[in-house]
Amino acid sequence: MAIFMGFEMDPKLSVAEVQAFLSREFPQMADDYRVEAVGPMTAQIRLSPDTKHLRPGGTISGPTMFSLADCAVYLCVIAMVGPEALAVTTNASIDFMRKPEANTDLLADVTLLKLGRGLVVGDVRIRSDGSDQLVARATLTYSRPR
Amino acid sequence: MAIFMGFEMDPKLSVAEVQAFLSREFPQMADDYRVEAVGPMTAQIRLSPDTKHLRPGGTISGPTMFSLADCAVYLCVIAMVGPEALAVTTNASIDFMRKPEANTDLLADVTLLKLGRGLVVGDVRIRSDGSDQLVARATLTYSRPR
Amino acid sequence: MAIFMGFEMDPKLSVAEVQAFLSREFPQMADDYRVEAVGPMTAQIRLSPDTKHLRPGGTISGPTMFSLADCAVYLCVIAMVGPEALAVTTNASIDFMRKPEANTDLLADVTLLKLGRGLVVGDVRIRSDGSDQLVARATLTYSRPR
Amino acid sequence: MAIFMGFEMDPKLSVAEVQAFLSREFPQMADDYRVEAVGPMTAQIRLSPDTKHLRPGGTISGPTMFSLADCAVYLCVIAMVGPEALAVTTNASIDFMRKPEANTDLLADVTLLKLGRGLVVGDVRIRSDGSDQLVARATLTYSRPR
């Protein structure tokens, strides 16, 4: 596995560079997401919900969490390999386990389980800021163009 | 299975009633989605994308398709059982198979594979209007409150 | 999509040829599975359960159904493209919806939703022979070697 | 969440008790699986493959890994709550990421992400003994009878 040969273990981009990439390429999402950390095969992304993310009762919607998970894996890949030609999501599964707390940011912690030349598999754990209980857990597969 | 005893086979709500439910309960989504059809264990929902749904290149984003799938199953459940207390998504998996056509509506065809007292499983097939090729296929599980 | 250009629409192998492939390549499985039908992007595979597939109470185990789904997609791919170098399963999701009937064969109906050069996505619906209710529904992704 | 109130955090059964449960309830599987460890919301299960688990080339089959994941979550639930009436798998998704090493045991590490009264969600990471690279990662949902 390339990821254990060293040269792919450290992220190529810094937090600021990933945030800048997001602002440049996905300006409509850049206000919602903040890159908190990047590391070897990992990243943490913060979502500050506004009204468009909420469901009746003030809870954050499932699709908002899906979107956060999808974005978080994508940004982690970009951090690791640099701003390469667009990888696409081919598969995702998500378990919604608890209600997020109202009026609270969500934090998504990504770990890339596999960073292959063809397929990337990312694990995402989402929780409300200040809590260590998972509200959702997702697995996403990205296909990298060859 | 209750669903083969007849009394649950026909939808309780009409297209207009499901659309009215959507407008009342999820006003922020009602502009995006249109209920095209409801039938025994089935529904068809249309998404007319606007700029917030698009990715660079004019293609519709994965989270938009996830959101459509999630909403479509939910509305199909509501059509079948009436506007009951809120069911929640517990699990979803989605395969993205082709790029949707730019500037084209998406149609989501739902079939409920199981409508149990506890769990509901819905199959969703998404395609661009005018095409019969699937752009995505999702399976969602909803848990009904007891 | 290649699959709509005609030359990939019809299976390259017959029922007998797929069954022979199974016997030759996977002799340990060939006693359990019978190829019932192949068609354009479709196949039907039968499992006749014996004691190793059963759980207490005579019901067929979940892993047996997973195995049937995995095998069914694989054989459908082989039927469509011929006995090519080994494709591998990269992702699978399965919903178990009802208990299979005891002492009854299972039938798996596969449809390939996508037959790309890189990835193949197959839908599998499993039911007890003689019933039209689904006991399980699976989606599998295979990666084809390049 | 009950799981953070303490009384459910520690396993009710020991390694020996879980192994004895497996032998008693699933004798046909007890030769293949060995319970290596149980802990708060966690368990480790070992599979020593024999010829029925192998594919051409000596690699362990995907269904064998699925079966291991399914069994591992089940045994972890039993360890936590005691030998209760049979929980059933309702959903599973699995990513196969690397080839297991030939002629090598597999280790499955389970963590229960949620242990609710109705639904249980378990995360399973599978690797070849002696390696820290994942060969597969699965998420399973069990429904507990009420």
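Letters A, B, C and D mark the chains in the order given here, with residues in each chain numbered from 1 onward.
Here, contacts are C-beta pairs under 8 Å (C-beta built on N, C-alpha and C of every residue); 3 or more make two chains touch, one makes a residue touch a chain.
Just so it is clear, the model here is predicted, and its values are computed rather than measured.
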Check the residue numbers that subunit B and subunit C use where they touch, and answer same if over half are used by both copies, otherwise different. same
Going by average Cα coordinates, which chain is farthest removed from subunit C? A
Interface with more contacting C-beta pairs, comparing B-D to C-D: C-D
Approximate Å spacing (C-alpha centroids) for the pair subunit C, subunit D: 25
Whole-Å distance, C-alpha centre of subunit B to that of subunit C, is 27
Just how far, in Å, is the C-alpha centre of subunit D from the one of subunit B? 34
Subunit A: which residues touch two or more other chains? 90-91, 93, 95, 97, 141
Spell out the residues on subunit A that touch subunit B in their complex, using ranges where they run on. 25-26, 28, 51-52, 55-56, 61-63, 66-67, 70, 86, 88-97
Of all residues in subunit B, those that touch subunit D in their complex: 90-91, 93, 118-119, 141, 143
Provide the residue numbers of subunit B that touch subunit C in the complex, in ascending order. 1, 4, 93, 95, 97-98, 113-114, 121, 123, 133-134, 137, 139, 141
